[in-house]
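Should a chain be cited, it is by its letter among A, B, C and D, assigned in written order, with residues numbered from 1 in that chain.
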Amino acid sequence: MKIIITESYEALGNLAASILLGKMTEDKRVNISITAGNTPQSTYTALIPRVKNNAAYQNVHYYNFDEIVELGEEKGMTEAALQKLFFQPANISSEQIHLLNLSNYQEQDQRIANAGGLDAMLIGIGEDGHFCANMPQSTEFNRHTHEVLIKPEYSWYEWAKADSGEKLPASFVTMGAASIMKVKQLILIANGSHKAGIIKRALSGPIDRNIPASILQLHPNLTVILDQEAAADL
Amino acid sequence: MKIIITESYEALGNLAASILLGKMTEDKRVNISITAGNTPQSTYTALIPRVKNNAAYQNVHYYNFDEIVELGEEKGMTEAALQKLFFQPANISSEQIHLLNLSNYQEQDQRIANAGGLDAMLIGIGEDGHFCANMPQSTEFNRHTHEVLIKPEYSWYEWAKADSGEKLPASFVTMGAASIMKVKQLILIANGSHKAGIIKRALSGPIDRNIPASILQLHPNLTVILDQEAAADL
Amino acid sequence: MKIIITESYEALGNLAASILLGKMTEDKRVNISITAGNTPQSTYTALIPRVKNNAAYQNVHYYNFDEIVELGEEKGMTEAALQKLFFQPANISSEQIHLLNLSNYQEQDQRIANAGGLDAMLIGIGEDGHFCANMPQSTEFNRHTHEVLIKPEYSWYEWAKADSGEKLPASFVTMGAASIMKVKQLILIANGSHKAGIIKRALSGPIDRNIPASILQLHPNLTVILDQEAAADL
Amino acid sequence: MKIIITESYEALGNLAASILLGKMTEDKRVNISITAGNTPQSTYTALIPRVKNNAAYQNVHYYNFDEIVELGEEKGMTEAALQKLFFQPANISSEQIHLLNLSNYQEQDQRIANAGGLDAMLIGIGEDGHFCANMPQSTEFNRHTHEVLIKPEYSWYEWAKADSGEKLPASFVTMGAASIMKVKQLILIANGSHKAGIIKRALSGPIDRNIPASILQLHPNLTVILDQEAAADL
């Protein structure tokens, strides 16, 4: 694990974008998995103008690592968010986008293996210690891509319920820790003082199923990029 | 994880030796970590005649991954065993042997990183689920190479005491799970019906500190080679 | 470049098979390109019993690197030879075989890139210095997979004519030096005293278009396996 | 080979710096070889503020790929230029700098191999087609790091004489094409209309000893970054 503390949220995004861009310049098919949410916004701000309409990066293929589809919706929340955050503003061709969803999740690991593996994955971390959709209590570390049932007994159920209301589905899908360990470089980004506590617990405490991101300490090539606030407790 | 079941203990050794030999033929410095004990004997039987006095393999460097030095002894038990099992019969030059011991363990991970990382590691598994010297109860999965205190409260204390008697030292050293995850190909070998139970628990059960080898399910490139007996419960 | 001299043609085959087998044991999709001809027979003799009907190697995909289709024939000579030498005796599933031919050669490099690249390629060398179907005079070193016109002005035309007679086609296809440089480990095998001269010229002389295999000196991970006779002039 | 055309010399530097920075963030020892001259100035301008005094990049080791020492001087011209361009302004520790010179060039390839190989090399191209110090006429493509005698018969002798005058030494050292092929990602940068002609000849013409950089077409992972002017003839 290598931790890099940047001077600002903008600098964090510049550095994460540089890592992704560096991979994209390689003379090979490049497979990258990226994240939705608030944390990566400065990364996409830095990345979009350098990738948009640039034929030099047609060798890059994009993957999402989790998906939830609300009841009555056709499109998943992750897909919709990635479209808005990156794919549309960067004008990424649909041929370069490989979506994970509830109907194809059982082939996700093989599909990635058949394309030569993931060169990089950009992820965030939740204040509850989740990564991808590996949530506290519902996570077994030895899983590849799998379906997670949404059960009232989980600590995060109320949060999910508040988020989706009547549209809360019965399950979602996520790549698991066993899938993530195979990513060649894992880039974990976090900013803000509200992330300081979980960053400390996940990166320097014991490996614990209730802090799923703690397992990332075992990734063979993990780069953690933080702003000053998120790094405050380290 | 990829599991290969061989028809015999000899075939197991032939295959493990082939993997190691394949690495050795690469046109680069090759770093390999190997194991002592009974399990690798058929591997060394296959490997020794192909490596012995062969100048083509001077690019290969050998590392041990754990060490215990009994009281009053100068040489560690692992070193002594590897000398007898492989280094001496294969006539490996001392310049190619990089010993881990209690005085240099704190530099082991950096030393390996500075040599380009370990290309392969050959390990066994104990009936109690230990790998390297990551023992039940005393193992935290987030450790790199570290010292382990030998405490009477551990389940394996009596076994260690029976083994070393008056010469039982206060501690030993081992590479931890965080170190092992960085090995480019991990080769786990096991033979015999007495290993069938632990193979099943470690490779298909939950990840559990009391079965340290269960964490190996997360290794990004793990090859498990078993004979029929050791695979009987899978 | 790393040169390994073995004691016999059988030992040569055992070692080449070990390298290929080692790749196959990795927990990933493994892409291997193999050769027809006389030289690899001892390699296939060693490899077939270890691969045949072995479900553990369903992750391995096979590619040929050149093809010539005689007039009036449906099947290429390389395909036919590989079927006889390896695919049929090893009972390799057609889903694992990816044939290069005159109708798809323009996609060969992209197809391989999209599968994560070739992990290994086993090749021979002709007494005239050719490798794959990169022949003297007709070879430009900066080519990827391409079509080669069979012209009477080439030194090897008479040889081709004698071989195919009335069935000599107008062209064949081959991966070029630029394609071969991307193979992660290139394994060149040669046996017999009739190969001793070209081995010396190709591996220790200047790089020369009239000895196409001389360019292999630049491959970043080339393993040359010779018997004593083929190595006699080194 | 992958060619990326940037909108400006500044953008070229930003992209080259991003690639290097991306490598530096990996959780491993990272070995990078960098170039002196005018071309990389915008790269260093982008890189220096991000690397300077940043403890996160202490895992990065720097290598030069050629050296010439003028008569009467102690320090080589490449070393002096790199110190001024990058090492001093970025405050790189001497422990991270591994200088190639006339007294140690015979160990350069082994030294790099023992450190795990070069992860990246940043190079320019001369209007005469040279790369590193592989000059027209004096270059054999099958060389590793070697000494080059400065002979009056070479086309570039007068240029060298004009440059160094009375202080022209008898030789210099350079990594050769066989060394460069082993670099994991090769980054070739060129800007300005005076480079347009050689870029075209080197990257799209035949491989030719009189245009040494033409051999780079064979590098397995070459990224070429150009501004509009240097790309004008492609």
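What to note about this one:
As a convention for this text, a residue touches a chain if its C-beta (ideal position, glycine included) is under 8 Å from a C-beta of that chain, and two chains touch if they have at least 3 such contacts.
Not measured: the values here are computed from a predicted model.
Hopping across touching chains, the smallest step count from chain A to chain C is 1. Taken together, chain A and chain D share the touching chains B, C. Put simply, the chain farthest from chain D by mean CA position is B. Rotation relating chain A to chain B, from a C-alpha superposition: 180°, rounded in steps of 5. Work out the mean CA point of chain C and of chain D, and you get 34 Å between them. Centroid to centroid, with C-alpha atoms defining each point, chain B and chain C lie 36 Å apart.
Chain B and chain D have centres, each the mean of its CA atoms, that are 41 Å apart.
Residues of chain A found to touch two or more other chains are 28, 59, 220-221. Chain contact summary for the complex, chain A toward chain D: residues 1-5, 15, 17-23, 25-28, 50, 54, 56, 59, 185, 187, 220-223, 225.
Listed in rising order, the residues of chain B touching chain A in the complex are 140-142, 177-178, 181-182, 206-207, 214-215, 217-221. By the touch rule above, chain A contacts chain C in their complex via residues 28-29, 59, 113-117.
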